[in-house]
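As structure tokens, the structure follows; a few thoughts come after it.
Letters A, B, C and D mark the chains in the order given here, with residues in each chain numbered from 1 onward.
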Amino acid sequence: MSVADPMSPLKMTVATSSPSELAHRPSRAAIWKSALLDRASLIIPCVMLIGLLLVYASLRDGVFTLDELNLDTAAAMTLILAATGQTIVLLRGGIDLSIGGMISLGTVLAATRFGTDPAQAAAWAFGIVAIGGLVGALNGILITALRLQPFLVTLATWSILSGTAMIILPTDGGSLPSGWTMFGVSTKLGLSSSVWLLAVLLVFWIWFKRTRLGIAIRATGSNERSAFLSGVSPIGINIATYGLSGIFAALAALYLTTQTGAGSPTIGKDYILPSVAAAVIGGISLFGGRGGLVGTIIGAFILTIIGNLVFVLEVSSYWQPIVSGIILLVAVLASSIAEKSARRSLS
Amino acid sequence: MTELLNATAITKRYGGITALSRADFSARAGEVHALLGENGAGKSTFIQILAGAVRPDGGTVTLAGSPYRPRDPQEAQRSGIAPVFQELSLVPDLTVEENIWFRHEPLSAVRTVRARAMREATLELFARHRFPSIRPDQELRRLTLAERQVIEIAKALSRDPKVLILDEATSALGPQETEWLLGLARGLADAGSLVIYISHRLGEVREIADRITVFRNGATVAAYDTQAVDDETIITDMLGRRMDRLYPERKKTSTDTVALGLRGFGVDHRLSDIDLDLREGEVLGVAGMQGHGQRELFQALFGIGGSRGTVDVWGKPKTIRSPRQALTGRDGLALVPEDRRNHGLLLAKSVRENLTLSVIQRFTRFGITDPRREGALVDEMIATLKIKTGTPEQLAGTLSGGNQQKVIFGKMLLTEARILLLYDPTRGIDVGTKGEIFQLMRDLAAKGYAILFYSSDLAELVHVADRVAVLRNGRLAAILEGEQNSERQILRAAMLETRAA
Amino acid sequence: APPAMAEGKTYKIYLSNNFVGNDWRQQMLRIAETVVKKPPLLGRVDLKIENVETTTQAQINSLNNIIRTKPDAILVDAGSPTALNPTLEKACAAGILVISFDQVVTADCAYKVESDWNMLPAVQAEWIAEKIGGKGKVFVDRGLAGAPISEQLQSGFEKVLKTYPGIEIVGYFNGNYALGPEQEGVASLLAAHPQVDAILTQGYGSGAIKALQDAGRPLVPVAGGGYNSASLVCAQTEGAQCILETNPAYLSAEAIKLAVDILDGKEAKEKHIFVYGPFQSTHPAPSKLYPDVKMQQIEIGKTAFPDLAPGLSLPISPDWVEITPQEAAGT
Amino acid sequence: MNIRRHRAILLAYLGMIILLLLTSVVAPGFLSATHLRSTAVLAAFIGIVALGQTFVIIGGGIDLSVPWVLNSAAVLMTLLANSQDAPLLWIVPMLLAAGALVGMINGLGVAIFGVPPIIMTLAVNVILQGGILVYTGGAPTSTAPKAIQFLAVGRIAGFPVVLILWIVLAAFATILLSKTAFGRHLYAVGTSATVAEFSGVPTLRTTVLAYTLSGFTAALAGMLLTGYTAQAYLGMGDPYLFTSIAAVAIGGASILGGTGHYIGTIAGALVLTILTGLLPALNLSSGALLIVYGVVILVTVSLASEALSSLFAALPRFGRQRGPAA
């Protein structure tokens, strides 16, 4: 009988020394390439945005000014906030349709409850954010406990939240303190408060993505089983993820009211698909685990700039959707092809 | 000496499948305790129970004298138990170091991960245990399977465990890394930890285990001191029957017909100038240290990733740019891939669907699949390879590791391709089945198949292959045959020049 | 080059429209494009139409872009009565004339040109109530959930129906201003209610008639909107009793004309202007609530055109310019 | 039949039955033959759009171009046919082919160039919308030809024609998914494109075919819908975006691909139709309706889920798995 011959020949040669490298050392170029490739999902939307901005700047004066930055940031900010929550959920490998209902509910509550007393307004602003968090946490609990798809659960809560908003305020209306609507307009150091808000958001992200929770969310989206085996609690991660998404939806609602000065029980649905689109353009995979907020923000700006671009191109009205669709497609196509060929050249 | 870990009468059922029926296990601090058993015996299930990933239906565990019933993996970790899972518990989209320190990252005052500290801790950990050097900042998904396995080990060690569990941690490792891991495990035990060691390579077990526990069909059938027992007894206890021999008799069956001819074959900078003839009826071994081009050779031949040079298949030039172009029935090529979970198996689909995925045409008539014919193919393959599955409808992801490997092997056999590219086909497979697979390989060769065979276990190459091609730095270093085909010669060819360079 | 029209310069006017996805909006846009090529507006307007996706945010962004080009006037068919206010007030502050039309905004500085959404449902409800003799069970269309006009129409219906003690609203449905949902909504209610005496829709009315026919129910009086398809169904269906209101698609033309007049220096009498079109009915009857309203007999060739598109909104042309049905239909 | 594999599908049907029972309490008239028939007809339109959507979602994608493929086919059909039946002989096949072509473009964008499906199909939707407006000048079109109206609302021996069509399509889809190589390949691609590729599955062809089918069924549904309302109108496709996806999801498919079946989607379409039919009968405000809609979806699906779980617990072979599935 010849069962496995032990590894005797090796013993004296290796047992006392460290094993050699597993792979022969890759060339410096290969390391660079793979580093680039690891970041391709961010680099490519950046290049896309820069390309669009260059075209835009060639058609309109003053594109690279603070004014333009202030305007575009205000235009993109609600979407950015909504997409921040969506980004977190997508990184987890889920999806949150309920942000549509939460945004509506948030604007409606703000427009009907703020009154004129700043203290009351502030209290309700916090209240709305808390409601967002609770509603999101509830999503997380339902998804885990009922073992239902996030798509279905958040579809249902979307409807419930929209209905609640509609009961509170049946159609667009209400009012906000006049100081509130000045939020986006006021500037410091030439930058509008929207830009500052964006900066705060970035700081938050830089912090958040390096927290244990931030890592755990990405990890769970990347491989749920591994995350569980490593000690991530399935229900805890869902509560945190969807809770954050609800909080950001509430923040988006509050920001939106500074732009519209009113509440709307239907406005939230405008942000569901675009929030996913912004994230996907920014390099986030629906299958979870990959991407980050910076990509999403760039994605939101790309969507906004495309609108500006179509405006300055002065295409006749019927052609506008076609042109914006084509710009989007060409931009994404270019990046997809670039990424694909980069991947091929490496693998 | 008192027992550190004591498990009695552990049971675990998955619906109608009994994974553990009555498992007893007891081990003490300071020893390496091997847990053996054939595929599907319940070893990994037992480990997962210890690790808090699965809750047992019955039985008790005590750890250092007090009852131990972890609610989740985190609790197990806190109790000082660190498992190296057979299926690995790594996250592809995190970096190497993020994986190692996942859930216990060093934190700053604002609760963020301290990147510098994590890097230092990683390098310190690597240095302390003399890990092979792997760049800590790479995303894990860029790593080869062997590298991932090493990182999984690092992850477990990062917790300074009282109990280290190694579930087939060597199955993807080459000889050098295996030797390193054995040394490491021994060292830990000598320093007072308990190491539970699962492997299908008896040689390794002999080398480091103090004691052995054997599972069969979910129950403990034997436990003994390693010194006091011979291989034959162990194997008989594992399989429930005697086994004559592991390696088949090697008869020369190769003809002069070249099944697969490579000229100037290469893959970017990782493989170059390969001239190689695989003949009809031949088992041609491929050896080399990890990362010297073996997986590139196999993958490129199967149409994954680009390649240069010419490939002749059964005497005719052939371009293979995708697995589809490789898998062309009897005159094509079939591959057992390296990474079974990511490349070989649809874990969420049934054994049946996995087995027949590449050969749907074989049971399709007028565009419609015939479940009876399919069933026949599936049943035959399950019987041939003794795949332990409740029914063919069991999800592949719920099979034991070795049985998953068998499904992949069966899936490849069903393609009827007569050129087989076997990349570590016996990884995680128990001795009994291994012997049968070797026999099968020889039988297929005798029937005119041509087999390219890589194994991380050199002994397999020595005993099963007719010739062994050794790769070094992506080039063909030697072709060993006859007397030359020995572990020592293979290692010499694979390593020497590297050392010199 | 067009012959220089009488007096005055050419004004740069933007039309910001939040929705292109229905027939009414299409006709409205076509009329806007047509009317600036005809006297009296010929040569007076450099009209640019900006359509946006349905989102309010997109319209805000588009308006911001428009404001930066400093046009003479902005005409808005708004996605929200309130959400554009801050943006439009910015436009006003920049000296741009702002006229909202169709779906108007509440911003004080903006002119408003719309149909009289209080009068329209009241007259229809009154007609229906009289038709069923002041008693019976009725279905009411709630329009599109959350849309301001839906609220106005629904409460307009309800207010008048409430004055008839014998009338009971037994069911509500959401017609969403589209044929399919109207037909589906009525069909569902029919299944739940064995008896119905009239149906008040905010949409076409023809969907309700079709639902009645599909369910094998007798035809009952129906209120609907002034679309060619509705007129045709009412005219061609044996026993149909209809009253159709009108929200003229030429509101855009009225808004353009108002803009030019104001820019020319003619002071508008009011900031809130209602545009009235005639009702059409199979059985015209004078209204007691609004004695002044005009009601036309539905008649093939006069108010219903078999050879024209069913989605055409009637009436087609304001009286100060001649827009042909072909121009309105774009054929 | 292996119950566990089809848990999600069973769940959808259980939900549907629960809903029907609920309905019969609220409004007994709903269980009349007439109303059941009209419910089935309405479900058929969703069901047909959702057929292609099912294939795309199983393959790991999503088709957001459905609304305007549907709308374009409807508008072009009425425009070209000009209320005449005869030209339908070439118009219908041509538009079906055109729908399929749009789907194919979606599929190629996704499969060859790697454009994320959401973006690809969203852009195509917008482009189609603009395209149809440019082409027709946004002109409202003629009434639907009589033959199309017959297909949509006509009956043969009391049985709705469109239901016959739906049944035929459902049989076709079921065979395609369960009985052909294409179906197998689709599930494999949706589960893991990498493993499918390694297994020699023609991933590109499979993906493209799924989208092609989706374009085809959307165009078909568009033409049929024209028959239902007797005319085409702009915006008629809009409601079918979320309903088609929701029908697939309620039918048990994961939005991430690899699971689900058209048999489930049928239940999904019925659930949605019964629910939208039931709601008006409750006489609630718009807001309350939305709340009830959400709650009913949640409750029926989870009730069914619980019921099924206890069923599994009773069956020896199929226990619950703790922790997230591998």
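Just a few scattered comments:
Here is the rule we use: contacts are C-beta pairs under 8 Å (C-beta built on N, C-alpha and C of every residue); 3 or more make two chains touch, one makes a residue touch a chain.
Everything numeric here is computed off the predicted structure, so don't read it as measured data.
Of the two chain pairs shown, B-D and A-B, the one joined by more C-beta contacts is A-B. Note: centroid distance chain B to chain D, computed from Cα atoms, is 43 Å.
Averaged C-alpha coordinates put the centre of chain A at 39 Å from the centre of chain C.
One inter-chain figure worth recording: chain C and chain D are separated by 33 Å, centre to centre, where each centre is the mean of the chain's CA atoms. The set of chain D residues touching two or more other chains comprises 126, 129, 133, 137-138, 286-287, 289-290, 323, 325-326.
Chain C has residues 20, 29, 53, 145-146 in contact with two or more other chains. For chain B, the set of residues that touch two or more other chains comprises 53, 87, 304.
Touching chain pairs in this entry, ordered by label, are A-B, A-C, A-D, B-D, C-D. Put simply, chain D touches chain A in their complex at residues 64, 109, 113-116, 118-120, 122-127, 129-131, 133-134, 137-138, 242, 245-246, 249-250, 254-256, 285-295, 297-298, 301-302, 305, 323-326.
Note for the complex: chain A touches chain D at residues 93, 95, 142, 146-149, 151-153, 155-168, 170, 224-225, 228, 234, 265, 273, 276-277, 280-281, 286-287, 318-326, 328-329, 332-333, 336-337, 339-340.
Those residues of chain B that touch chain D in the complex are listed here as 13-17, 53-55, 87, 302, 304, 322-324, 326-327, 335, 337, 342-350, 353, 356-358, 360-361, 364, 367-369, 390, 393, 397-398, 411, 415.
Within the complex formed with chain C, the chain D residues making contact are 26-27, 29-30, 32, 34-35, 38, 42, 126, 129, 133, 136-143, 153, 225, 228-231, 233-236, 238-239, 276-281, 283, 286-287, 289-290.
Here chain C touches chain A in the complex through residues 17, 20, 29, 48-58, 60-62, 64-66, 80-87, 106, 145-148, 150-151, going by the rule given at the top.
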